[in-house]
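Each of the two complexes below includes chain A, the first together with chain B, the second together with chain C.
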Partner chain A sequence: MSAGARRTGLSTPALIGVIFGAMIMVAPLIWTLLLSFKSNADLMRDSATAFSGPYTLENYGAILQGSQVFRWLLNSAIVSLGTTAGVLILCSLAGYGFARLEFPFRRTLFVFVLLGLAIPEQAVILPRHQLFAELHLHNSYPGLILPGLVAPFGVFFMTQYFRAIPRELDEAAMLDGASRFKQFWKVLLPLTIPAQATLGVFTFLGSWNDYWWPLISATRSDRFTLTVGLASSQMNYAQTSGLGFLMAQAVFASIPILIVYIIFQKQIVRAMAGAAVR
Partner chain B sequence: MRTPGSWRRFEGYAFVGPFLLLYIFILVYPLILGIGISFHRADLFGARQWVGTENYARLLADPVFHQSVGNSLKLVLLIVPPLTIIALALALALNRPTKTAAVFRGIFFSSSVLSVTIVTLIWRFVLTPDAGLVAKAMQALGRDPIPFLSDPNLTIPALAITTIWWCIGLPMMLFLAGLQQIPGDIYEAASLDKASRWTTFRRITLPSIRRTLILVVMLQTAAQLQLFGQAQLLTAGGPSGTSRPIVLYIYEVAFGRWELGYAAAAAELLFLIVLAVTLIQYWAVTRREPER
Partner chain C sequence: MTRLAFLLLAILALGGCGGGEQKTEIVIQRFFGECGAVYGQSIDVRAAESECGILTTLINRFEAENPDIRLSVNVVAWPGYPQLAAQIAAGDPPDLVTMHQSVISDYQGRGLLEPMDGVLREAGIGPQSFTAAGRLGVTKSGQTYGMPWDTIGRLFHVNTRLMAQAGLMRDGRPILPNSPEELLDHARRFRAATGKPYLIQAHVNAPDTHVGILYTYLLAQGAVIFPDARHIRLNTPEARRIVALFRQIQAEGLTTRNQDFPGATASFINGEGGIFPTGTWMIGPYDAEAATPGQPLYKSYAVLPFPHLWGRDAAFVDGHAWVMPRRDRTPAQRQALARFLRFLAAHNFDWTRTGHLPAFQAVLATPEFRALPHRADIAAMAATGAQLPDYVRRQSAIQGLIGEELEAAVTGIKPVEQALADAERRVNELLSQIL
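Up next, the complex of A and B:
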């Protein structure tokens, strides 16, 4: 805080503007929450009944019994955690390699990886879909996880982080007779935990919220992730589930990620800002 | 510490190899494959016939593709400038070390962690004319509900509003990070000179965050050119294609009409547009600051 520290209070017009903006941010969320606690019958009559009682937990009860939301939640958790673990392992290994080891074509390969930052998903998603179809990877966890593992930004990020660690540490370990892998695993890796946290949270969020790839790769409803599952129930809501139930699903699906957000707020903000400044 | 000539020279590959293999298999190879497919008449099930540049020629003459490019540009124009200005205003207002400011920052960022399906689920029932929050508010004021999701003049603005609500957090955080880099004594000098707030903003703040400003505009332009989920879920591109952006077009051609080659060609054109935006950003950010 340097620039803003001189004035701490907000001028009245600015404060009104900020409060007005915050209301726009919050109102849709509160509306969703209210709808989710109303019976579908009440909402069929008039959704404005959401502003007053009686409120009920029947929509949440319906989720607990027999809806597929739990299955989707589990799929999302497996895919996101798998992707996060894979990215952390691959990017740490590669980051250490690029930052510390000398090998033929090191610079060329590093630039080759950085070029990947300029490739948007649209340029590869259709041929990748073909490729995965030939390998029978659709509707499987590996099929959902593998694309997320290719994170050029993660490699760049970890390489920068390893470079910033003083070389004396490796040399001391080497004099003690530690092998390359031991130097990496025992000496350097523990020092990168803050970077792992940032990259991990960033990857988890991206994977959890990913829509395009799971939409085309997971076509069986028991393989849907939460995002795709919610999209499918949203598209045929008129025939099947009621408005209240749909909103309870939205609330239910937001809870895990909001918990992650609240716990890792600092890392998330830093990761998102860092990713953009690349 | 190297032992030249031995296998140790190649030790690095054990570390970078796993990533590189996946990178080639899942990103580089599909990229090349995609360019190849775009020159074929191809369906989803593996049939291929070389047609040269026919797909590209057809695209350039396809009014539906033109419409989707136009829609994407409209979305960029309706989203990026307001998003940038609101985010900057919020950052200026909330760049202070108080608890209240921190709470507000948290509120404005919270929507960014939601997935597109949750965001559209929420906004569908804010905007829908029969049961939406806006409709209920209009009703309370004695007005007719607004058909946001079905009036061809309103669908793109509705998508823009939803997107701004969803995406406001990141640019705000980027501007905040930029503002923090400005040393406080510059402002002290300005206040000694009795510079007005507007002058201070225009002469000090704005030039100091020039890089952040370019970054936000280009990043958002590249992101919104690829807008997909909101349009697919909220309006399904309708009515009659008036809110169908490029990526939804690609999706429909590939997975609705199974014309993979044609969709791949459209994807390559979009790739070129996004690449151009990225290169402009790179050029503008790395360019030397103009002398003043």
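Up next, the complex of A and C:
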């Protein structure tokens, strides 16, 4: 057994398999990064020039000099953070309600919420667009944030997490005279932090990367999110005559996601492993 | 007295808040990318390069020359139609929008665009000032639904060094074939002399390439492609002739294979073939290569209309236009739009530096237009260029369907006749579903 295999606890063939798999996963990212540092003219002649110099920062310079790019960055941050905060608040409350409270039609309502998981966004986009138009919500932050707050998965996720917390904790708090809200706020909510982190990270990632709804709701360039704004700055045939710029845009848009990933790496890995709900 | 002075001051201050110069605002929505970093403050139109640069500078210049009008510009992701549809659905479309001429029917057919005859008249622009291709592109049901901005179409981009090697140059100009037989003969001679394919083609994920060729040569043969708004006629001897020729070119290895558009572009730039049939929009990048010492295309580039293989000279073209979505506008806004359109029309030459052909007859004849590289060679397309009948809707979707079938036919996956029959059936199904 090799040193690497000993350190990871994997057999040598398994380690080779994992390294091979990782290389396949990482290759497109490295390819994207290399392309982003090449001039568009070089890439139009041959994209394989990405493997050799000279490299340049001109594509990143072009993005940063874009007249509205920081505005789009701010819009994306507001929308993503607003959506994440809203989802966490609503899903925590709903999860607690479904897990701990008794009220008429609780089960029916829970099933009704879960049905939302089966309805694709495409099926509701037209009525939603019309509704938001009636309410004059297009080209506004609420218009971009509100649809993201409908999170049946989040409700399900938090309900399951609250259900896994022993009821004895509620009872002990009740004996100490804590109100229902205090039980929720002081006793149970702190215990759901791992689930909150997981749900928050996924909501933030989904909202940051969202393209379709911002594309049709934010039609004024000062309301574009980063994904829509960067797409608008591309010229036609960008994949031919502006490949470096295109790839630099992809890298640039990924940087905040990368930062979020680095900060919340543990929670993301736990969520992926299905370990958050315990 | 002091009280009175304060009162007067307050009235003056309030007047200052509400008064000042009243600007008329119109919302312009366009694609072509965003380049505010380079051209955000520039008003020097002649110094600007690229579609984005020239248009941005034109808009800046107009605002500088018309301080009473404010242009609020939305730059949308290409081609911008999802946003436009959403804006129309929300009841808040922009005042003026860039639109492909082939798309106008989709919006006009649903009553979503305003006829522009009135505003153009106010701008002093008559349809007779448009080129033939431009006029066809914006005239729907007898009315003018846009101001044409250019004509775009496909051309033969030629590597003259390789053509000379194959003996296919005369007096410094490429010799293009005059019949299908001659095309095959040239292609074989070219391959024998250079060891390279005569044609460079984007066969993968490029339906518009095949459709451009098919439509062009169907128009050349006088074929009626769309007899009415609900039917296409593709399984015909004329169409079979065209597709069979390109199938043979592929089968004999006289063209590049398995390339998408970026791949085909790289092949052409690197001198890996003789002729690349692609759009007017690539003239600029190829010219830049032809002007760069050491590049395979250096001093070896020419561009010409598609050769005359059957019937008459023809070219299937499209173009960009400025259209007005239907909405309420004040008389001041209409007047501002008319002034902006007049300004754009007066600067149509500047736009032709992008490689596109002008939409105004007067520009075609100017010495400065003809002095631009290759423009004299391709100017004829502004007259020969033809579009599909104004009743044909969903042209982009139709191109996708036909392109898939043609790709299959040319690469030998399907027999030519079956591919054309399938294309005809699929398009007719689509047309039957349009409300």
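As a convention for this text, the second predicted complex is superposed on the first by the 184 of 278 C-alpha atoms of A that agree within 3 Å, B and C clash if a C-alpha of one lies under 4 Å from a C-alpha of the other, contacts with A are read in each partner's own complex, and residues count from 1 in each chain.
We take it that a contact is a pair of C-beta atoms (placed from the backbone, for glycine too) under 8 Å apart; a residue touches a chain by one contact, two chains touch by 3 or more.
On a predicted model such as this, the values are computed, not experimentally measured, just so you know.
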| item | value |
| --- | --- |
| First, second, both or neither for A:130, with chain B first and chain C second | both |
| Most chain A residues touched (candidates chain B, chain C) | B |
| First (chain B), second (chain C), both or neither touched by A:231 | both |
| Which superposed partner A:65 touches (first chain B, second chain C, both, neither) | second |
| Which of chain B and chain C A:47 touches, first, second, both or neither | both |
| Touching partner for A:93 - first (chain B), second (chain C), both, neither | first |
| Touching partner for A:216 - first (chain B), second (chain C), both, neither | both |
| First (chain B), second (chain C), both or neither touched by A:243 | both |
| Contacts of A:146 with chain B and chain C, given as first, second, both or neither | first |
| Chain B versus chain C as contact partner of A:138, first or second or both or neither | second |
| Residues of chain A at both interfaces, chain B in one complex, chain C in the other | 47, 126, 129-130, 133, 216, 228, 231, 234-235, 243 |
| Touching residues on chain B, where the partner in the complex is chain A | 1-2, 9-16, 18-20, 22-23, 26-31, 33-34, 37, 44, 46, 86, 89-90, 93-98, 104, 106-118, 120-126, 130-133, 136, 139, 165, 168-170, 173-174, 177, 179-180, 182-184, 187-188, 205, 215, 219, 222, 226, 228-229, 232-233, 247, 250-251, 254-255, 260, 263-264, 267-268, 270-271, 274-275, 278-279 |
| Contact set on chain A toward chain C in their complex | 41, 44-47, 62, 65-68, 126, 129-130, 132-133, 138, 215-217, 219-221, 228, 231-241, 243 |
| Interfacial residue positions of chain C with respect to chain A in the complex | 29, 31-38, 40, 50-52, 73-79, 82-83, 85-87, 89-92, 261-262, 265-266, 269-270, 281-282, 285, 288-289, 295 |
| In the complex with chain B, residue positions of chain A that touch it | 1-8, 10, 14-15, 17-18, 21-22, 24-29, 31-32, 35, 43, 47-48, 90-91, 93-94, 96-98, 101-104, 106, 109, 113, 116, 118-131, 133-134, 146-147, 149-150, 152, 155, 171, 174, 180, 184, 205, 208-209, 211-212, 216, 226-228, 230-231, 234-235, 243, 246-247, 249-250, 253-254, 257-258, 260-261, 265, 268-269, 272-273, 276-277 |
